[in-house]
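Both complexes shown next keep chain A, but they swap its partner, so chain B is in the first and chain C is in the second.
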Partner chain A sequence: MTKMKKSSVVLTCLLLLLLSGALAFIDGNASQYIVRITRLCAINIVLALSMNLVQGFTGIFSLGHAGFMAIGAYSVALLTIPVAKKETIFMLEPLIAPLDTLTLPFGVALIIGGVLAAAAAFLIGLPCLRLRGDYLAIATLGFSEIIRILITNAQCVTNGAQGLKSIPKTADIWWCYGIALVVLVFIALLVSSSYGRALKAIREDEIAAESMGISLLRHKMLSFMISAFLAGVGGGLYASYIGTIGPDVFQISRTYDILMIVVMGGMGSITGSVLAAFIVTIGQEWLRVLDGPLPFLPFWPENGVSGMRMVVFSLLLLIIILFFRNGLFGHKEITWSSVGARLSALSGHAHKEVTKP
Partner chain B sequence: MFNLTRLLQTLTDALSLGSLYALIAIGYTMVYGVLRLINFAHGEIFMIAMYIVFYGISLFVLPWYVTFALTILITALLGTLAERLAYRPLRSAPRISILVSAIGVSYFLQNLATVLFGGRPLNFPQIPLFTDVLIIGEIYIQRLSLIVPVVTAVLLLLLLLLIKRTRTGMAMRAVSRDYDAASLMGIDLNRTIAITFFIGSALAGVGAIMWGMEDTRIRPTIGSMPGIKCFIAAVLGGIGNTGGAVLGGLLIGFIEIVTVALFPSLSGYRDAFAFIVLILVLLVKPTGLLGEKTTEKV
Partner chain C sequence: MSERVLEVNHATMRFGGLVAVNDLTMLIDKEEIVALIGPNGAGKTTAFNMITGVYTPTEGTVQLCGKAITGKRPDRIAAAGIARTFQNIRLFKALTVLDNVVIAQHLRLTSSWPAAVLRLPRYRKENAAMYARAKELLETMGLWDVRGEIASSLPYGMQRKLEIARALATQPKLLLLDEPAAGMNPAESAELTGLIRGIRDQFHLTILLIEHHMDVVMDISDRIYVLNYGSLIAEGTPAQIQQNDDVIRAYLGGDEDEA
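This part shows the complex of A and B:
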């Protein structure tokens, strides 16, 4: 985002105004269900952007999102559930000392959750980021499962398999979209800064980047920890969004859902991730039709096949990566000038073709 | 606590579990050797194999040896098919794409299994020849616990013979040493890679049969945890190295069983041990126990 043109600034402000108008309309008029999906879209934007930073911009493969989300979600839950409720939730074993009488504002809890997730990322990254990218993939995958094991066993902190309920649903549409916007701007500024260019250099060729004087470990660690922080914040939002969490909420399939968004939007495209977050979140709701009865298909069981939705979802992930590897936008972004060029090409005023790299 | 019976019992269990891990880890290490790919679908192929045994014996009432042979064959073909459809088209793509594709296959197989076989656990058929309990002195051992290490040892020996003594094995070694040079030397990459997947998946099939008999409750997610652990085992031993995978598998098996035997209160955390060991080993020896140090050249 070097020096935006004046017209772009005006257009961006207009778009924001338009979007907040739309959100206010949805918040006030749409059904509870629609409002929920709209909030989930924003949470998924945060999560997808955080994953895109490591996967798309730095070129390292992390599969720990469900784990980082769990850290953020449990932090927010433990720090925001009212003290009176905590006593009724922790039936088997009481909650340990400082947490049982402590409640913090939602925003503070979110940040604490993010910081804890980033700290976990630091511990995993230290041995793994110095090695080939694959080690990080398997270490983060293992980490994500281990977080669930810890949650299930640490009864006195997490209430084990029973999970935590009555998490205050503070994360309304404005919280979700506010944070999504902050994260969006932050990531956009980050990737266009000198740090961002270093990250992209690492993505393109590690050896070349290193010989240009870029410290691989430092930059990869920075990207990985920021990503974990944002995943923790996203997890915290998610906890407040669903209100009840347990170890099963943070299965590895959560990570795959986010991966789907990043791959569909294009690994290395911010606007792609944002757009794909909407498409995938709403699409997953539409796919629910597949779990129910499909009367127009012969031989289809009368009560439907539960789980069909996920089969189709995973098949779509495969199809996208096999045939549309670059996703919607590849490394490219939607900018006002690209939209303008597309529009004028469509309307026929300009005869020059939109150049493709 | 420290009596001989208990010790022998623990060691047998550890050897048996470790050998199973080793069998699955070999599949990971072979594929990684030739393609530099973490085959995330390996654990799911292992899971499908168990369902094939279940349907073969419990539903179609086939004799166990027919079922086992069919299972190994179908599993091997399934692994090869996954390579053909989902990995081969992406061989020249950025490495992250093929990893995503592997995850896609794994996720797809797991979801498909949930739809086809149902999410509820099924009882794995018990075959008396394998699952009977032997009583030697005061030790209670399932026959299986003795069979597993022997089967693993025999298969490992055959595999090493194949890799070291046959032309196919030589091709595999060449591909894993230098992919491009191997293809310039006239080695058929597609064939070599397909064979690698075939063998690796067949071993996962053998492992699945024995795992099913020990675990007895099969469900669509049964492959995930062994999958992660066995990849960790392969990394621990030095990825790409067959002997290393076996060493890593045995090591993780022993650590899990012995730690739980010594500190029963830790049994809930059992699945985390492999991961902690991995982090510790990587800190000290980043290429794994038997791994060669490689430097990347431009």
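This part shows the complex of A and C:
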């Protein structure tokens, strides 16, 4: 048992080394386009993991993610845009003090963004977390819209519909993957702890969980606030990644993008979310071909159909929901022993190993 | 004189115009096994729900070891020392047998969540103790060999036992069993009877159970309360209850019903 644990640790370290080598290679040699997609993968990992904590592990059907992302994104933008730039951005109404003369390091701004998102989660969680299922989804969806409309109208803080530009692009490949790794380890440790087990109990049966002494509101709130914090951090990374944000960036469709990753990877599977984040992010780019002209189809419009890739992507998601209800991994995780078992089964060694005394 | 564990005082539960439980008074002493019986719809499960905080009694009070628990939330009442099983089994279905029993000890955890995430020494110690206790309980219930199975994949009888093991894991003073022998054959229910006595002795528990199998009830109970249409119609030892005319009429139907 300990031997297996040790070899798992060694393998994980090797994998991390390999991955950082690959990242360094991409960072140094690949085109700007590839580097951007690689960064987006990491950001989507953070967002998917944070959503999976509430949806997959706690069983709370919350659709407020875009709202929490927006809070994180605007916090990071307002706290990192250089003072000189702020004057030129806020043309209609000047930015209120002290934000107008304040800039903070990126890392600090990220954490502040996360904390503010968590605080918002606390405020909406108090009334909303008493709701169940669809009702909670509708309430959180409404919250997300409220945030967007507040942002559109709070001209002196958010610059309204004009949005914010010149956000320093600090979030390079190392920032993104560094944070993704920290979040991954954090979530893994959390869900395997006693608190994580309590969250899963709530997901399985609220009535039984409560009668076993698990306070529903307290634990749902914990999960909801941590998730919002991480969504805020993810939103902050995203702001730094695209450099320009406006209220329309954080529409409901952002929430669905992440939900798609979580569902595809499997509700309650960390490794599933990570893998699906790569598949969905890269897939959405790769399928861009479909938006352009398709000369091999004679009946296809000459200039292509824009948005065609989303049609195909939606179809793929439909197939996943219809035939793989639990996503790629369901509640399961990819572990070294499961990979090993799969590999030896493929090479036909499994039989021999089982029959060995 | 023995110690009083549960005291239900004139508890009434009304749902609109329907009186589900009417003026129920029950006194249960330490290490007693008491049965609550009655025909279908008599209000037995409603009585359980009042004791465990699922419902707040419309009138009356509930006390555990002299402390009022009336109207408290179910998780608070569990922490105060009442554990229960459910009439239609409510396990954490997709989780393992072991996890089911470990989770039920979460309420006694003193470490905060950051301490748990960081795996600080005190948390590690508490966590290890949870698993040790889970092992002990599963062994007592004869479920240690299936600890890795998913709870919903167990046969029915084992699921019932797992529910009892999970309830015991919360370290209760009072254990409420809602039809523990439901769906069991005579051999299985005889085994269950021995098991319930065993856990009472081993953990110095007080047990209140709802049961329809009369052989189980008469065999296991020190005392019996009989409910009919929400009201208490009799109370006494198994021998007294078997002779009670009101009880016989409630179960078999009296002359006035036939007319």
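Keep this in mind: the second predicted complex is superposed on the first by the 347 of 357 C-alpha atoms of A that agree within 3 Å, B and C clash if a C-alpha of one lies under 4 Å from a C-alpha of the other, contacts with A are read in each partner's own complex, and residues count from 1 in each chain.
Keep in mind that, in the parts below, a contact is a pair of C-beta atoms (placed from the backbone, for glycine too) under 8 Å apart; a residue touches a chain by one contact, two chains touch by 3 or more.
Note that the structure is a prediction, hence the values are computed from the model and not measured.
Student: Tell me which partner A:A201 touches in the superposition: chain B (first), chain C (second), both or neither.
Tutor: So A:A201 only meets chain C here.
Student: Which partner, chain B or chain C, is in contact with more residues of chain A?
Tutor: B
Student: Quick check for you: in the superposed arrangement, does A:H331 touch first (chain B), second (chain C), both or neither?
Tutor: It touches chain C, and chain B stays clear.
Student: What is the contact status of A:I149 with respect to chain B (first) and chain C (second): first, second, both, or neither?
Tutor: Once the two structures are laid over each other on A, A:I149 reaches chain B alone.
Student: Between chain B (first) and chain C (second), which does A:V311 come into contact with in this model arrangement: first, second, both, or neither?
Tutor: In the superposed model, A:V311 contacts chain B only, not chain C.
Student: What is the contact status of A:G213 with respect to chain B (first) and chain C (second): first, second, both, or neither?
Tutor: second
Student: Pick one for A:L181: touches chain B only (first), chain C only (second), both, or neither.
Tutor: Neither partner.
Student: Overlap the chain B and chain C contact sets on chain A and report the shared residues.
Tutor: 207-208
Student: In the complex formed with chain C, which residues of chain A make contact?
Tutor: Within the complex, chain A contacts chain C at residues 186, 189-190, 193-195, 197-198, 200-201, 204-205, 207-216, 222, 331.
Student: Going by the contact rule set out above, which residues of chain B touch chain A in the complex?
Tutor: Residues of chain B touching chain A: 32, 36, 38, 86, 89-90, 93-97, 99-101, 103-105, 107-108, 110-112, 114-115, 119, 224-225, 228, 231-232, 235, 268-269, 271-272, 274-275, 278-279, 282-283, 286, 296, 298.
Student: Using the touch definition from the top, list the residues of chain A that touch chain B in their complex.
Tutor: 55, 59, 61, 63, 124, 126-128, 130-131, 133-135, 137-139, 141-143, 145-146, 149-150, 152-153, 207-208, 252-253, 256, 259, 263, 267, 305-308, 310-311, 313-315, 317-318, 321-322, 325
Student: Please name which positions on chain C make contact with chain A in the complex.
Tutor: Answer in residue numbers: 52, 54, 73-75, 78-79, 83-84, 86, 90-95, 99, 102-107, 109, 111, 113, 116-119, 123, 126-127, 130, 166-167, 170.
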